[in-house]
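Okay, so chain A shows up in both of these, paired with chain B first and chain C after.
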Partner chain A sequence: MRVFATQVVLIAQRSFIRTFRQPGVWIPPLLFPLMLMAVNSNGLRAATHLPGFPTNSFLDFFLPFSFMQGALFASAIAGTDLARDIDTGFLNRLALTPVRGSALLLGQIGGAVGLGAVQAVVYLFVGLIAGVHVDAGAAGALLILVLAVLIAVGFGTLGLWLGLRTGSGEGVQAQFPLLFFTLFISSMNLPRNLIEVGWFRDIATVNPVSYFIEALRSLIIEGWNAEALLLGFGLVLGLIAVAMALAARQLKVRMART
Partner chain B sequence: MRQRIDVATAVAYRQTTILLKNPSLFLPPMLFPLLNFTAFAGGLSRLRHVPGFDFHGGYTAFQFVFVLLQSAAFGGVFTGFGIARDFERGFARRLLVSAPRRSGIVLGYALSALIRWIMIAAVLTCVALAVGMKIGGDGVDVFGMYALAVLMNQIGVLWACGVAMRFRTVQAGPLMQTPVFMALFLAPVYVPLHLLRGWIHAVARVNPLTFLLESGRGFIEGEPTQVAAAFGVGLGLVAFFVVWSYSGLRKAEAAGG
Partner chain C sequence: MFLNMRAGEGIEVEGLARVFKDVRAVDGIDLSIRPGEIYGFLGPNGAGKSTTVHMLTTLLPPTSGRATVAGYDVVREGAKVRSVIGAALQEAALDPFLTGREHLRLQASLHSIHGEQRTQLMGKLLDRVGLTFAADRKVRTYSGGMKRRLDLALALIHDPAILFLDEPTTGLDPQSRTALWEEVARLAREEGVTVFLTTQYLEEADVLADRVGIIDHGHIVAEGTPAQLKAEIGKPTVEVVPEQPQELERLRGLLARFGTETASRPGAHAVQLDGHGALPEVIRALDLEGLRAEQINLHQPTLDDVFLAKTGRSLEGAESE
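Let's look at the complex of A and B:
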């Protein structure tokens, strides 16, 4: 167990350092969601005049989008880094060592988790400065950070699976719009009950991303909503489990090939 | 002139062939506007009920114009990535040596951006019509709207071309796309200009792309508005970025490709 933990820490450390050594990798994912938050929270402010809109501040409503976008970037980073390891032969060399596959997967998302944590703190901090009021208080703010990191882990693990499956950074990047699609076709811009187009509302209802957003949003604009939180945490843990299983299976295939 | 056109045609043919042979290069720029269109037109249509929303062509048409202009601009920017890649791989150096008229190179890249965008625009238009977009304007109005998008496409490619030829690396990609993205989103994307409030209203009012967007929406609604201003701004920006891209070409020549 101790050896396993050491392996995870060493690989996570490498992943974390590699991510933060390249400003081009972590600065855009940090700034881009903030820029979009600034623009969209003002551009869509008129939506708060719609009857039934749950808050009079679109910034409060829109802040969770930043966490989600950050998590998607984490997914691309984790997947691209692993694909580069495959491309450069690092994974092959690692296969000759006693490192366990599970340790490799857990460690590889270290960079994404680290970035996810930094992003979550920055987004929340900027949001609070810009006037966001977290209805659930300090404990709620802390829970937002926990959930945001878990979402980054979930998407990061999905990125690992894509990296292992495609084996190329370009392949991972090409899947990125599809992951983004899950965000776009959710309740990110309007509450589901205010979405007018039937098919869009139906897809948003079965899309787990809607529940991640709604769990984060509930802490900001509603306070403590047990149903939203249970759905959000339950689904994100489910995502991590499914993505980890897929990645572990793909790792076996990849190792067998090499 | 003949030599310039020959160079331009050859560059455009090569870029288009590369694009069609590589789905990974072709599909993301195609998917991006479709995703935006789905998210905005599908998810935000309730915004037409906001008090003061006075666009009568339906929210799908309202968003279609934005996404069309966005696809045009990004069709140009993605071509800029290809130019940077040509410099990284040494192809551009050989092209500079062999082209009898180097100005044809910029022209060729601009032509390839237009071809790329026409394919995207065709798919986008078909999708929009399939989901029930209403067009209030007549043939001339629709032509006017697509003409504005062509100007947008050329603004995008000439800007990206200037950046690519100055930096000569794909790492300059964020520099090519971020200003375009920001300029587009600092226009009235979701609601008409008069419904924006605060700093974004002040910025959108002086944003040159607002003229193109508002005019394009006027065309599709069948009530053309600010047409002279929009074409004036569009042609002015194209002229400015022609100078920008050709000075980039001179810098690339001076650096030896």
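Let's look at the complex of A and C:
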């Protein structure tokens, strides 16, 4: 067990170091969601006048989108890095050591956790400075960070699966818009009950991303909403489980060592 | 560095094959490689060299046949095989954003080498491959030769008994190539490491390998020491240019004692040595007869001649698939 834990830490360390030594990889995912938050919270402020809109601060309403966007970037980074390892043969190098496949996956996810945590702290910190009020208080803020990291882990693991499946960085990048699309057909811009177009509302209702956003949003603008939190945490844990199973299966194909 | 406990066993392969869809990349090969031997696996691109290495290093399950590496079965005892082998595969698989030292630390730690032992080992290996000066530089700043040397150091971190090198000098400048050859030769000679080396360079196999296996289209078409293989094809040819052109007839008579006449340049005479006379004896005879030579050339058959004789194609530029 100790050997396994050491292997996870070593792989995570390497994943974290390589990501943070490429500023071009982590700075845009850090800045872009903040820029979008600044633009949208001003440009879409009028939406708060809609009858039934849950808050009079669009910034409060929109902040969860930043966490989601950050998670999607974490997914692309994790997937691209793993695909590069396959492409360059680095995965074969690791496969020739006693490293266990599960340690390899968990370690790679560790990199996504690190990036996700840094992103979440920065988004929340900037949000608070800009005037976001977390209704659930300090404990709620902490739970936002936990959920944001879990979401990053879920999407990061999905990225690993894509990386293992395609085996090329370009392949992962090509899938990225599809993941991004799931964000846009969610309740990111409007609460579901205010979406007037029926098909859009239906898709947003079956889209798990809506529930991730709503769980985060509930802590900011409602306080403690058990149903939203249970749905958000439950679905993100489900996403992690499914993505992990897919990635583990694909790793066996890629790392077909005897 | 201590010698690995499994150094007493080499590589045994029987009917090893790997099929990819319709392609038999490796088609039932047999090999027997002694401990401490440098075995050169020579063949053109696509001949099946890398596929063989991937099977022997447990990275690819064989379709059929069996192989043991250091006494362990590559299919049933993959983890044990990996514990006694080191491998530098076709392209130096390095992370451009990590330093050389970080690579070694990761590799050593994954092999459960920690603490002072790891630090000493890293220092020793960096020194041996001449990378101490660049140990803390990111690998993306390394030249091709430096990457290959780091790759070799990484393969050696856990003191393997058997080393697989898949085209280790491809793309290297002559100086880096020679340095790598020297290190590989030293490993076999001084540390008793068994080396399985794939290459498409004739010179590399000729200089380094104790024995050579030539593979083409997944089949081993010839095997033996470089000298044996070349001797199978033909004996060396000696060509002499006399200092005085009028001595040519006398030279012909003298050289006839050492072999069969063969084609030569105008003003020269050449014989294919019949095995009884070697070059020093020819020189001695010339001296005894008072025949002064302006030039004496010895043409040895090359491994390319061997490849040509076995496959009907020249190895240089040949593509198997």
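Assorted remarks:
We adopt the following convention: the second predicted complex is superposed on the first by the 256 of 258 C-alpha atoms of A that agree within 3 Å, B and C clash if a C-alpha of one lies under 4 Å from a C-alpha of the other, contacts with A are read in each partner's own complex, and residues count from 1 in each chain.
Keep this in mind: a contact is a pair of C-beta atoms (placed from the backbone, for glycine too) under 8 Å apart; a residue touches a chain by one contact, two chains touch by 3 or more.
Just so it is clear, the structure is predicted and the values come from calculations on it, not from any experiment.
Of the two partner chains placed by the overlay, only chain B lies in contact with A:197; chain C stays clear of it. In the overlay built on the shared chain, the residue A:145 is in contact with neither chain B nor chain C. After overlaying the two complexes on the shared chain, residue contacts for A:248 are found with neither chain B nor chain C.
Residue contacts after overlaying the shared chain place A:256 against chain C, while chain B stays out of touching range. After overlaying the two complexes on the shared chain, residue contacts for A:180 are found with chain B alone; chain C is out of touch. In the superposed model, A:42 makes contact with chain B only, not with chain C. In the superposed model, B is the one of chain B and chain C that contacts more residues of chain A. Of the two partner chains placed around the shared chain by superposition, chain C is the only one that A:95 touches, whereas chain B remains out of contact. Legend: residue contacts after superposition of the two complexes on their common chain; A:6 is shown touching chain C, with no touch to chain B.
Residues 57-61, 74-76, 78-79, 81-83, 85, 87, 89-91, 93-95, 97-98, 102, 106-107, 109-112, 138, 154 of chain C are the ones touching chain A in the complex.
Within the complex, the chain A residues that touch chain C are 3, 6-7, 10, 14, 17-18, 21-22, 85, 88-90, 92-99, 256-258. In the complex of the two chains, the chain B residues touching chain A come out as 24, 27-28, 31-32, 35-36, 38-39, 42-47, 49-53, 171, 174, 178, 182, 185-186, 188-191, 195-200.
Those residues of chain A whose C-beta lies close enough to touch chain B in the complex are 24, 28, 32, 35-36, 39-40, 42-47, 49-50, 170-171, 173-174, 176-178, 180-181, 184-185, 188-190, 194-197, 199-200, 204.
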